[in-house]
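I have placed the structure first, in the form of structure tokens, so that the comments after it can refer back to it.
The letters A, B, C, D and E name the chains in turn, as written, and every chain counts its residues from 1.
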């Protein structure tokens, strides 16, 4: 397959790959925003002492982690109409990605919050701050720094997972490669090109992570003796 | 030549895609069967070798043939000219065409109805139906699905799509999984398209042999018998 | 100002505070000492509710702890707490550390709070470190910011839990100097420390704890020159030996 | 035994050791003191190669450091190092901490090593803690295990980097007692510490460092009673003040 | 209709079991191999040699940054052009092992870096060799940090193994695709597929949770 590798055809399909790339980017961005929202709510629930919020949140997180995204996607895609919601594929896709990644994000945020030394909480308590003030002024700003790198890791996973949306007819990057494979019977060209594009996104996100790390590093992270 | 290799090996390696009835399916008992599958088995029998099926999904089908993992490819595949640039197709062994189907009690009754702006039309990813739907329904909202014809029926049945476009024999074969009368299948075809088997251009001997095979089975009626059983009726239903 | 009456506390099966009865008058400075694990930290953490007590009464500034009528958050604003490990907010500058609670808890306008904050930092000798982050400060400097942070809330009581024991030896005196200054302005203070020089200089009373109980209590002179119990004698001999 | 000749070391642009010349004789005990950041740790860490030097000569037990002919791993087995933060292996019991290197490095049979290990632990007063994990021991006990761990390798030299400064005050003396005992058996020792009582008792020499240089060096009596430089006077006044 | 579909589904259970078997066997083999390889890579990566470390880093990035489908595709269909002919199962194992090793390498590196430098220095000071330091001091302590995410990673890899259907292995997900041809009810079929994965993965998630809590408790972590 490689000896006849046709760069010319790739160039011909480049506009299609470009569109796919753009779709993958914005749809991943949207889904990640959704995942953050879902994750923050779930993390807040799972940190409660009372079981009323904690148990459902943990059950949800475990269920999502233990089943494949594909099953979740179809569960939503074929299941929602039974409940009377017929939503566009894109909406279902973004919803599925948000709900899936949200569970992982929740775990990351929870770990981030728990990593803040107990003394910080106590300092807040001792100066008369309420729970919400402590969270907002003391815990979250610090947890934020700890969670940035793993969150970007999750973003990378999400970008690659978004390929699954091609299954429900969203034309994103993977779809473009599949088209090249099925129209022209050039699978090597199709798949290697999308791999290159995903790698580009990966390095982009990784660069972002390094950058944010350095930016956050400007503000010293630890108070030490 | 390749034929000599196959004879020496004693094994014909055939790549299939299990897309659903009537061409290629896994029966109730887990056995691999279908119109194309039986034809391939017939080929191996005529060659006097045993057959090995390599079961790929769409992503793996062409690479399997091109990389030499399989000797030939048996799927309900339309030999387009663009595809013919890469693989060698046999002469067509049957003709079919894309048809439009809708939910029986829905508001879309005719092919014309489906041309309305914004109609959601389900097609199969990478299939010829996808292309044809785009020309026949320029204003519609075309949705491509992966994973075989049955999912198109499911999408239409669930209301995710208003109409579906797929190979008529596939639609007929696959709709039998639903209660009779669930779908309206339009009598008019969007196109007439051939189906053919494929092999590599560096296996001219095999291609010649496959064409010879198709001639033979058409002449002696075995092809017709296969198609009558699988494609032109739902006689297969009671056996599988 | 602070009154313990028969206070007991358990961690699981461990009786960490046993029948504590102790009262601290306004403007009094009390030093608490004793071996590790004797319950010193627990004792003073109870006062601002960082630990809850199981039985006995604890009345602080006229309010009974554990009473549903007592607004703990309010009460805590009246009590400053200085930790062994400083616990400055690492993501905030020195000034922000000092002004955070006044602005958000006391609702003092930002510019007023900052004005006051600068004055406090100057008072602890850190006028030039106003915009430094904790990680850019030495341990002694961090602890002085922590003290300024407490003073910023204008507390009636200040509690110190081994404020100098995480410091390098040459930094201890700069922190103790600030504490002496605070004491001399008339603050009510309870200080867990082994700095006997400090106790001699400003404490009205030294309380010696062992195994959760107050074993001995008296003026610094009495305590250092004539410890009454074997346990306090043994303890003093250890910490004063080398 | 240890000989620095014009040693310099940089961390980036920072000249942390400046022209150090110092020699320690066999059986000598040298105490190193000085303000935080003055390079004390760096100085003794160079001796067993935890830090590398840029120029100057450092000869330890007859072997030149940085010389390709010197087998550092071998040399390190002759040098014991006690850290401020103990650095016991948390996943090993006290006895295992002591026997790990003898068994794996010295290739002493396990039962012999264990026998010797028990004796050493008894010597530091921990006969009953042989099977305890570090987390189950107090700081003072952990540091004594750490000393036993060094002794287990029968080193010719022992280096101590502020061995008591992470300890609660009542635990300091139990560690210093062990160190005094080791010194009295004739070990060559370099000890970074601010425990002046210890320096008085066993040190032949006190070395005062500031900003990477050795500023003053002399017998304890000389150093404490008549410090020669302003810097050492200021330093002594700070650490002896409270 | 549903009833009829259910009956038909029940009839497919041998196929489903076989699919589950393929998923489990494939995952199990590649997780074991991937763990060994991942630890090896992690140790090499934290070792002193810049060149080796950079090479491993680049490889890990390459694998983490590209879709697994493409990797398996290259191994199965492109390697033969270089004379390496593999059957689908071996190719699947190799691809999945490599993927596992790369992710595990990252986890191991994080674990090794989490061990305080004082521990390494203590070992260094008592004359332990590089391998002895790793084996006796660093790795046992790194395991506390490594274990919970490692088990979590296993779950992700088991789910990723579904991509092997692209090269013709009939794993659990593939069975779903096959069954849905006859029983065209995506919701029902993929719910059951999901259930299959859940049965394999959930115990692992519970294990990860337990480990995390145990290690957390051991490190004195506190609730807010």
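By our rule, contacts are C-beta pairs under 8 Å (C-beta built on N, C-alpha and C of every residue); 3 or more make two chains touch, one makes a residue touch a chain.
Keep in mind it's a predicted model, so treat the numbers as computed, not measured.
Counting steps between touching chains, the shortest path from chain B to chain E takes 1. Between chain A and chain D, the least number of touching-chain steps is 2. The chain with its CA mean position farthest from that of chain C is B. Looking at A-C and A-B side by side, the one with more C-beta contacts is A-C.
The greatest centre-to-centre gap from chain D, using C-alpha centroids, is found for B. If you average the Cα atoms of chain B and of chain D, the two centres end up 81 Å apart. Spacing of chain A relative to chain E, judged by their CA centroids, is 19 angstrom.
One finds 51 Å separating the Cα centroids of chain C and chain E. In chain C, the residues touching two or more other chains are 168.
Annotation for chain A: residues 1, 77-78, 82, 187-188 touch two or more other chains. Residue positions of chain B touching 2 or more other chains: 59, 63, 66-67, 147, 154. Touching chain pairs in this entry, ordered by label, are A-B, A-C, A-E, B-E, C-D, D-E. Note for the complex: chain E touches chain D at residues 116, 118-119, 121-129, 132, 136-137, 140-141.
The residues of chain E lying in touch with chain A in their complex are 61-62, 64-70, 73-74, 77-78, 81, 152, 155, 159, 162, 173, 185-187, 190-191, 193-195, 197-198, 201-202, 205-206, 216, 221-224.
Listing the residues of chain B that touch chain E in their complex gives 18-21, 25-30, 54-57, 59-60, 63-64, 66-69, 147-151, 153-154, 157, 174, 177-179.
Residues 35-36, 138, 165, 168-173, 176, 194-195, 197-198, 235, 238-239, 241-242 of chain D are the ones that touch chain C when the two sit in their complex.
Across the interface of their complex, chain B is touched by residues 1, 77-78, 81-82, 86, 89, 166-169, 171, 175, 178-179, 181-188 of chain A.
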